[in-house]
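Here chain A shows up in two complexes: once beside chain B, once beside chain C.
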Partner chain A sequence: MSSSKSWVTSHNPDANNIFAIAGVVIKELYRRKDFYVLFALVVLITVMLGSLNFFNDDSIVRYLKDACLLLIWLFSLVIAITTTARQIPAERESRTIYPLLAKPVGRGEFVVGKFLGCWLACGIALLAFYFFFGLLSASREHTFPLLVYFQAIWLHWMCLGIVVALALLGSVVFAAPSSNATICFIVVLGILFAGGHLNGVALQIPGFRGQLVYAIYFAIPHLEWYDVREWIIHNWGLVDWLAWTGASIYAVLYTGMLLGCTWLVFRRRKLTL
Partner chain B sequence: MNTVVEIHDLRVEFPSRELGQRSKLAVDGLNLQVSSGEVFGFLGPNGAGKTTTMNVLLGFVSATSGRASIFGVDVRQPIARQRIGYLPELTYYYKFLNTEELLRFYARIFHIPRAERDRRIDAVLKLVELEGARRRLIKTYSKGMQQRVGLAQALINDPDLLILDEPTSGLDPLGRMKVREIMKRLKEEGKTVFFSSHELGEVETVCDRVAILHEGKLRVEARVSDLIQQYQCNLEHVFLKVVGYQPQS
Partner chain C sequence: MIRLVMVLLFVCCMTLATVLDPSFQRLHNRENASASVLVALMGDSRRLFAHEFFAKADAYFHSGFYPTIFDTQPPGSESDLKEESHAKPAGAAPHEEEHSFLGAPKDCFDRFGRHFYPTVHTHLHGGNEREMLPWLKLSADLDPHEIDTYLTASYWLRTSLNKPAEAEQFLRQGLRANPDSFALLLELGRIYLDNRKNPRVARNIFLQARQKWRQQDAAGDKPDPHAYEEILGEMVRADRAQGDVKAQIADLEDLINVARGKEVLQRQLDDLKAKLGEPKP
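Moving on, here comes the complex of A and B:
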């Protein structure tokens, strides 16, 4: 193709489109009120709990940290799932996908851009949440273990990467964002609470059903590995760096696989709902 | 003149969702060529296959058989869309962005350098007369203004080919006039415009050539002046005759 416009010949499908799409997703997050409401709720509930003194217990700070981290985990999942679940259906419903894909943007770039935007937006939200948690913890314990927080935020963010990729896959399979979000919440909470115990359950079930539970144990993404709240609450120090690296690689592989599936489904999908 | 759009033996079938039902044939063996600098009207009654053909050209829908290319590049390649501007029939844009942010986003996708980006944004906003509202969120715009945002985004990359799907649909007479003026100006600049419309008076005024599609098949492809001379009536009556409309007396 020849043209007098310099940018025409310089086009090469690369990260540019992905980052441009991701930028719009991040802009959407900070222009919506969801995050601010959830952040205010974390602050409000934690401060209210901090003002109470149960049974003159000296270790109240641990309960406070536990409650605050639980809220951070819960609300970060809410942000990740609800933000991601609406992305592609909203583009299809409002038809904003038409002018976008009429430009030199591939469907793969579109999917990865949406993922990156949601994941980065979750990262920004996590930084704000953990900064508040760090301040709260420092005000009571007079320490700020930066490396421990770095490990925890990183693992939490990696876990949200899998959750975002899962919700994105759900958004091209299920037409309604609400049904996708509900299913994602059930699956993610199910894995977080029961995923690590499935192998134990499988041992107690004989025959084919036991093997099936084993298969599920190995097939599901083990999100519970990324939950290091206990380390922070009880000041157990750093997580083994080898385990930390292994968990990160596992998350990257799982996220990549889920994004690949999303692209396979989406590349032949009709653009309108 | 160079060929800008080339469609060869295009066939698009949509599988039926119901068991036992035959698939729907939307486009049947379409052959079409649009040359550089032409304003080409793509006409047909609702369900004739116009939007499906446009969707194939834009890579939204895969052809069952046949091929289509833009500037000699297969439409299945995203790079084929580097030199085109597209205005959909119903224009909705990210409501949480303002027009300047929206145009900056699209300009970035075209790899337009930063300095050039600002110049292009200023130029298209001036063309569509939205300079005063550039920092207002799109959700506060009227329908006519949103349609002009659509035109601005279609022109951001200074495209050599514009694909417009019913660009004046739902606009008031003033809005239509403005869109028509912009199309005329683009024609003077030597741009190729490929557009569908049900406003046949408008098509007659603006277009060099037209194609009339009916039930997925190409019925007529000719210069507007030649059609009017051949049928001895205006384009609306030509259209009605071509699609076989019989008035009930």
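Moving on, here comes the complex of A and C:
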């Protein structure tokens, strides 16, 4: 009986363990200087751009919103990928992973905890970034479309969820955090730039190769859906709520799939260096 | 010994600074210093960036509804931004004709993805045209020889945004880089004719533009014949605004020689000649 109870205890994920691991990751974000440096860069570059004078017109704002959002996207990806890519390798290198997994914390809990920590850390960073963006935009446009910003932050955060899960999978597949981060950057930027156009490319390629490209188009995570910068910059209003919900569900499913793959690889991985 | 060497090095540095400083000052004070730095740093690639920035301005003009490098456009199609600023008279309303490079959705993902980016063809209006000006300014800074950039910016500045002073300043910047451009002079003349209500100065500028066009034509450069027609047309407008019927007749005769709609112009000419009491040809 006692052995059966211990089996249940060790295999049912414990929310306390997950949140404890996530809490450590969030603390790491505000202890490290990365976020502060990137936030200061966003502010500095945007303010410098804002000080430029174009034809004596102070109400020009869209180029500023464009630049600020580009920096926010770029830096949020940097935070998400670099923070996630070093999590598991750092634990292994400092050997803190052994007492952690011996607590007992299941490997599934460990993976979910790390994911949650990185994802929440990204969410906190996004809140700070978008708060600054909102202030900047309001200072010139004299409006603060809260719902539009909420949709944008949410979609951005969902996108980062997929990116974090991808980087976490990379951290158990690739040997070094640097190679993982580089590959993740290339994949994510590639999808953001060309992912949505692969179907058009596939239609121009005849035969099996075209079908293969089309299959890749359906298989990749469509991160470009979550990039609603044009929507915000040009004040198109709210994104259709149904599409917004659909994109959120897609992100949750894709993130779940990637986390499942991470767990499958990680649960049989030898942790000795 | 080491101290002596250090002092010697310090003195050398100070001497060098006194020699080099004036040269650097001259370099910084030169009017085209920033342009020289850009040329040195970027070479011909700045033209590529200039073109990209112009495309960005066009994308802003369409509020983000703009083809990417993956989208196909009909061959020979000119950007709406250029067409708008070249062909239409001042104050004309933007066309609302719906045409899309997107086509029908290719699959369910494509259909779904269209909820997250602009898919409606619109043009900026009501003063919002100002939003594309930073990109046009950057484009002109990177490639000062791209005439269309000056013309487009000036058109919006003098019409919707009612900033003729800024338009003139920008055009004069363009003229410094392109002193032989009749198109820039034509646009400058329009500022004097339409915004400053000074037809005398406007006509002088149009005369200069006509002279530049003819010089280029004589040199075999094949300048745009439509531009010549426009210059003569503006000269006629300037004459009319001045009330100078004789000059108007002379310019109309020039215009009739090159214009496509000759009948209307001929009627105008006959009316003017009748006013002066001259016999019809």
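As a working rule, the second predicted complex is superposed on the first by the 254 of 273 C-alpha atoms of A that agree within 3 Å, B and C clash if a C-alpha of one lies under 4 Å from a C-alpha of the other, contacts with A are read in each partner's own complex, and residues count from 1 in each chain.
Keep this in mind: a residue touches a chain if its C-beta (ideal position, glycine included) is under 8 Å from a C-beta of that chain, and two chains touch if they have at least 3 such contacts.
No experiment lies behind these values; they were computed from the predicted model shown.
In the superposed pair of complexes, A:Ser51 makes contact with neither chain B nor chain C. When both complexes are overlaid on chain A, the residue A:Val228 reaches chain C alone and has no touch with chain B.
In the superposition on chain A, A:His197 makes contact with chain C only, while chain B stays out of contact range. In the superposition on chain A, A:Val61 contacts chain C only, with no contact to chain B.
In the superposed model, A:Phe218 lies in contact with chain C only, and not with chain B. In the superposed pair of complexes, A:Val239 makes contact with chain C only, with no contact to chain B. Interface residues of chain B facing chain A in the complex, by the touch rule stated above, are 58-60, 62, 71-73, 78-84, 86-88, 90-94, 96-97, 101, 105-106, 108-113, 116, 150, 153-154, 157-158, 160, 163. Note for the complex: chain C touches chain A at residues 60, 63-64, 68, 70-71, 106-107, 109-110, 112-113, 115-118, 130-131, 133-135, 137, 153, 157, 161, 163, 166, 170. Within the complex formed with chain B, the chain A residues making contact are 1, 3, 5-8, 10-11, 13, 16-17, 20, 23-24, 27-28, 31-32, 94-96, 98-106, 268, 271.
In the complex of the two chains, the chain A residues touching chain C come out as 52, 54-57, 59-63, 155, 194, 196-197, 199-201, 203, 217-218, 222, 224-228, 230-231, 233-236, 239-240, 243-244, 246-247.
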